[in-house]
Amino acid sequence: MKKVGTPEYDLSDKLKYHVSALSTAAKEMALPLNITTHYPRERKRQPDCFRGYMLFDPERCISCFQCSFVCPANAIWMKDAPSGRYYPTVDYGKCIFCHFCIDSCPGGALKTTKIHDVAYKTMDEMFTSTEEMIEPPEIIREDVGVVDYVIDKEDLSLKRTKEKDALIVDVEPSQGVPMVSVCVDRGSCLACKVCDRICESGAVSSVVEEATMTVKMAIDAEKCTGCGLCVKECSMQILRLVRK
Amino acid sequence: MENPNEHIDFLESGPLAPLKKWSAKWSLWPCHFITSCCGVELAHAFACGYDGERLGTLNLGISRQSNFIIVEGTITRKMARALQFVYGQMPDPKYVNVIGACGERGGIFWNSYNITHPSDIVPVDFFVPGCPVTPESLLRGVRALQDKIMGVDKKTIEFKKVELPFEEKLEERMVPTSPKIYAPTPEIKVDVKRVVDWDFGKELEHTLRKELKGLFESVTITGKDRIAIRTTPENLIEVARKLKGQMNFDHVKSVNVIQVPHERKFIVEYVTSSYGIEELMTVLVTIYTEIGIKNPKIPSLTSVWESANYSERELHEFFGVWFEGNDWMGRKFVLAPDTPDLPLRKEYKIPEERYVFEKDVEPEFMVPIEPPKDLYTPIWEEFVETAPASDEIVVPIGPHHPGSGHLRVTFRIKGDRIVDALPEPGFVHRSMEKLAENKLYIQNVPLFERLAINDPASMNLAYVRTLENALDVEVPERAKYLRTILSELSRIEAFYYDAGIFSLFFGHTTGFMYCMAIREMIIEPLVHISGSRSGPSFIVPGGLRRDISDDVLGMIDNITFAIHKRAKKFESIFVNNPVTIARAKGVGVLTKEDAIRCGMVGPFLRASGVNYDIRKVAPYDAYDKVDFEVTTGDDGDCLGRFLGRLEEIRESVKIVKQGVDAVRDIKGPILSEDILGEYKEASSDIKGSFFRVFGNLVLPKGEWTTITEAARGTTLFTINSDGESNVPYRVRVISPSWMNLKGFMEAAKGERYADFWAVYGSFGYFPPEADR
Amino acid sequence: MIDISGLIGTIMNNPVNIPLLYVIYEFLLKIPVLGGIVAFLLDFSILGMPVVRYIIGFVLWKPFFTLIIIPGFATLGTMLLVLPWLERKLVARMQWRVGPREIEPHTRGSIQLLADTLRFLCQEVIIHKDAHKHYFLQFPFLYFIPVLLPLLFINAGAVGHPLVPIETPYALQIMIGLISLMPVFIIGVAWASNNRFSFIGAVREAFMYFAYEIPFIISVLAMIVLYGTSNTAEVVSGVNQSTWLHWGIILNPFAALTFFIATAMATARLPFDIPEADQEVAFGPFVEYTGIVFGLAYIMAYEKAYVLAAIMTMLFFGGGSGPVIPYLGELSYGIWFVVKTLIILLVLVNLRGVYPRYRIDQALSIGWGAMLTLALFALVWSVVIGVII
Amino acid sequence: MATVTETGKGEAEWEVKIPEKKLKDRLFFENLKAMVIDTQMCSRCLTCVSICPSELIVNEEDIVDFPNYEEKCLDCGACVRVCPRYDYKPKSGLGDYMEFTAGKSKRFKGQDGAMGTEFIFSAIDMGLIDRGLFVDRDEQWRTSVFHVRGKEQLEKLPLGGTKYVFADILPELKKAVMFSKVGVGVVGTPCMVSGIRKLQEEFPVFREKVKLVVGLFCTENFHYNEVSKYLIEKGVDFSKLIKTDIMKGKFVATMTDDEVKFKVSQLTGILPSGCNVCTDFTAVESDVSVGSVGSVAGFSTTVVRTEAGKEIWDYIKKMGNAEVGEGKVEELDFLINHKKEREKNIKQ
């Protein structure tokens, strides 16, 4: 345990501290340890993992809805594309840039950029549709230089470079763990075909044979993306996700 | 109709118009209208890191002389009144920028019962996304506004539309339902008995049974260091007296009400602990009782534990439980006059999430249709009416006052002395407790981080530890150290923020700037770790989201050395400044007895001489493996509290240093296998499996309480789980600032009017943290 | 009958001596065509009176020149434009940042204050309904009188070369009298605002007023005793010496210190910006003012600082004394004077970056305790030094 | 935590047998509607609602309904598979039993002996089940279903006692089964018991999880809307109502300060059509049947029928949770026969 007392100062101490305060001020005025980034004309270089606006790759999307489910601000809504698949849209009027969605995306369809300095005139503009998330957007850039923070054992100093920082980062998208859905209790199957109807990859098939009044259910492990929607929606909870 | 502005039309369209535009462009003086946590980033935008003054925007205190409001995030119903009022006070032409998602569509608080949309209250020029926004985007908003003033219409972001791939049209698919599972008529048990290896607990249980003979219904050990006593409402006050008198349980850590509507009852519980006896410091004893839902009345324990006072007031508003004996019953304390009644009752539903975009369906937002009519919530009438008789004046400070933050305090001042101070919190009450009941466990991680955006990792850790505690997850060694490092960095960050605000309250802008520079330095590795400046959400149950590279560790290591240079400058210009010492020394003294009586926590308790630090008393993560000392002081004045925290910064730097050294030698996963289950690949980076791993967390049945030492003190989370739902049944958060409010007001009484700001700064009171 | 020729004679015979003007004149005459035009202009006369010569003469007429150019309005105006900018830049520099800049990056944002002033000028002026409407508007303008009148008595010259609009043996007394009037108007402003904070600010202003005024007057008195005169034209040459060793600050540093602290208090600069403490009373008396009226109040503080710094230069820093710059003649004294005043002002305004704010009771105890003692000691010291010299 | 089972368990292909449609080329729900609901056979046991993966509901008029079934019906046949009235095989009489006795719970207070409650909680205490389904009522005596896991949950509740109003127990049963880790106990009327047995017959999950079915003696049951209107007409104030009962052919509603009595036969007008064809009084298919008739006041007649029921009854006796009384079989005869007479109402 350490005791911190408030010091008692006499006149000489006071004078000493007056002088030290004034001299520090004078020193800083002469040789300041300036750390200002002149923002509109230069940007601070952010690391690649910076959480900014998101880009979306429809090729990698498996429409698993996980980004939408995990979003704490409910900023991601899935919208049906002309092809009938559901793709995410982001409302930046709600997005808190926690990037839980990017971490959740099993196919690596969402990725981050360093774009973050944006202002909108209306709230409606802040809604970003899927189509707008595929190509990197263009933002107003007045910057001609980029600032790096260099931290060594002495101090923080600024390194200024005359270049435009690339805002699009190139990171390897995550592969996720390949999963497949299986049935663990065939007897309790209702044959309601919900799994078939919710599956977007066409992996689940249900064929009704009128003659024998049986339904043939099958999950094609090849086609199954492991999105887990059938597992979640099965009303009898007889489906499970297992490793491929 | 006659044009009322006829005589100044020459300014609008005449030859002088360009001059007017030009001057407005370069002289946007934002008035200091801090509304929520984005204020922290606003401070950075106007501090030395980015220096908004370069653009001619000078942060000025008073609405009358400024022409620009930056609405920093959440506008609660109470704050909406202030916003409207401040906007009305400002002279034309005036501009409004809204920063932060809360001010737009609500952000993470979109379905809160207490927030409004600023755009419904004042005309908004620009919206800046982010939560919290970065200083760069804030300045982009200012630039965009400057362009708009000059008549330049440019979009700051231009999206390129790309056609989506179209191979074949799928037949119509079903849409999945919500991932949230609510158990039907859940069983809420406060005292689920657990077998733990805790000898002292058995002894204590025995003592309790003996001491409280005939007064209790049951005494249960609910976990390590946790005991629950069930009693009847009639015996409650007697049990409390016995606990305080005989057993030395001298303060209340939390008061909680749980409503179980299907069982027609309220569970009212008081979590008490002791600062006086060393063995009892870690022990939390929960006294609880059940009362019927009709006409719920229960004796208040304010007479026994004064620290329960404000929490009782708050719960009275939330649930309608009448604490007999508390003088605030029937009044508003935290909520605004137009907030829905009894919002935390289960009957009050907030809008549900939607997962699928439907055109033309406007989501339901909870905003008042009309702007509020009365501008302020009334001050306690007796307080005002009796003032003139005793020759006192009533001075309300805040919520919009250059030195108030988002708190309103009404003073009665006699001469220059504060006779009485009446706090009015709730200007940033974003109803986290209600929202948490409607979010998955994992979704609450960023929610609770927003308690204190300048101390994010500690808040994050406090919540996550509660989950881990309940799920009985052992965190890997490497993650433990990394979490300790993060939490200590966050502590340094918070203390420097407080120190900056402290100096600002003395009018010392240089001290503020120096603190912000140091903060900027500490934020840098946080950005490299998590990608976010002050909302990392990086700590998750079982460990961290991803591993930290050696480069960043090196950077953190460098910072532990580099920080001294600038810290020394700060010391010589502010800390040792004779004026600072004259202002802070001997002011706002809180004696040890008072501090315990008011239930103070954290450095503010220690400054009054109580040796209590959860990091030492009940170590978590790697705190038992690092060497550090608890800092206490005897003076209990403003200077003592301030210097104590500066000393703690030194200790924190020491911990970070040790942590970095240790973590370099420890290799291994950063996520526990207990929680990963099948997804073992994710043990060093959760990317790709986040929802699969965390989406369906279900806590075992029972009540889970953890205490964690955040920067400003004990953060208590109580989660009630029914064991079936994947959302919490009830979450109770007691944040350090909330507990410190009482002592803060006590310390201010009897001091001079100008000393209030010394006291305010010395308590590091952060309203978003207090109001939750 | 006005003796016009006599008047003109008086005016023409009392010019500020600036040799550079003759050099320029002669240089211009040598240029072929321009020389002719200049010669013609100077000789051009109506009714036998060389109008241009008279105009130039009038401008250079000492009382007029001193009032309008140095140390009068032109200097004041420049000072007001530059000083807040310099303050902001220097404090920013001290605080590891940049200060105003983007408005004109090449000149480091030097026209920032222009933009601020214009913005204030174009802004709505709000008179809130609880205010005493007439006084609310009148007081800020009345405030001009005590702030501007002392300009008439400031001497920017040096030994034997006074640059002062009005020479009077009671100059210092009149100036102190006028300066003492200022708080009255501030209190008036606060009263007219009818606001809690302006009320508290006014009370603080009144308390502060009494605390600094007496040491202030005594310290000036000490200098009057030392110099044996209160005529500003003679004060700078009071001990009849022009070396820096005989500046007031060397002769009586105690009076100088008292005067400086009193200046900080009177201009409400940190650490004594107690009446206007924005964190506490939100600009105190000026809390309700908007637009250009607030701009005036904002500027007025700097005017007040200029006047007090000028007095300080005269009393303690040898006024305009300094090495004579060739060709500038008497103007060089004026330039030295401005430079000294600016340095004092910069020290004064940059205290903002060094010190936090004192509490009112602490400031009062400094005023009534330390400063009063110091001032009385300075008075005794002056007597002793005066006797020795 | 992650919902993943061990690799390899589970299958990728399976077949499900669905029942024959009586009306070919129509949806299964249309079959159900035509055969059961429209023919006034429906007992409103809601087994179909329980199993339906789509949006089969009970509408405002207390009738099983499926709005917008043309689009929403998945045509899986589950409703038809589980409906006890689709292929109605009426049961009647006292049925098989292992022990005919009476009991009075010491732990719970009910209208009579509160033996239904006692059975459920004893089973919970034994660890046989982890939850039971009870019927709760609000101030207006509207019913709702309550999942009970421990007896503390009931402390402040007006549970127990006969309601004579349909309760939507079975729709909650599937939820309870899905949430339950051990087993579920249910208290229900004879028609519900039949429904549960049908569910168990069809689906292994229910066979596994529903471990205790307590049947109640039932003469008839009413729709809330109709009976409440009728009772209000008769002068019953719901806010003061304590209990309702049918005794000796009379409907008795006891209030705090008053009592309303009238002949049951007056209620025939609002007797639901499903009850008209119900012949089962004693819940023949249950594990344990409980009712007030057949024992002295304050006791519940208890008919233990199966091994599971016997086990719990033994446990109750062993633990002394209930006083054991004497049951009189002959007292039931009247009502059993009374219900058996309804066989004639069945038009096949």
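A, B, C and D label the chains in the order they appear, each numbered from 1.
In the analysis below, contacts are C-beta pairs under 8 Å (C-beta built on N, C-alpha and C of every residue); 3 or more make two chains touch, one makes a residue touch a chain.
Note that the structure is a prediction, hence the values are computed from the model and not measured.
Ranked by how close its C-alpha mean sits to the mean of all protein C-alpha atoms, the top chain is B. Averaged C-alpha coordinates give centres for subunit C and subunit D that are 97 Å from one another. Subunit B and subunit C have centres, each the mean of its CA atoms, that are 49 Å apart.
Per-chain Cα centroids separate subunit A from subunit B by 24 Å. Residues of subunit D in contact with at least two other chains: 3-4. Within subunit B, contacts with two or more other chains are made by residues 48, 51, 54-55, 510, 517, 573, 577, 678-679, 692.
Touching of two or more other chains is recorded for residues 94-98, 101-102, 353-355 of subunit C.
Working note: touching chain pairs come out as A-B, A-C, A-D, B-C, B-D.
On the subunit B side of its complex with subunit C, the touching residues are 11, 16, 19-20, 22-27, 47-48, 51, 53-56, 58, 60-62, 64-65, 67, 89, 91-93, 393, 395, 401-403, 416, 503-511, 513-514, 517, 573-574, 577, 579-580, 582-583, 752-757. For subunit A in complex with subunit D, the residues that touch the partner chain are 179-180, 182-194, 197, 208, 213-221, 231, 235-238, 240-243. Contact residues of subunit A toward subunit B in the complex are 1-7, 9, 14, 17-18, 20-21, 24-25, 28, 33-40, 43-44, 46-47, 49-51, 58-59, 65-75, 77-87, 89, 91-100, 102-106, 108, 112, 115-123, 125-126, 128-140, 142, 149, 151-156, 174-177, 179, 194, 197-200, 202, 228-229, 232-233, 241, 243. Considering their complex, residues 3-20, 51, 53-54, 74, 76-78, 174, 178, 203-205 of subunit D touch subunit A. Within the complex formed with subunit B, the residues of subunit C that make contact are 88, 91-92, 94-103, 109, 112, 114-119, 121-126, 196-197, 200, 270-271, 273-274, 277-280, 282-283, 286-291, 294, 352-362.
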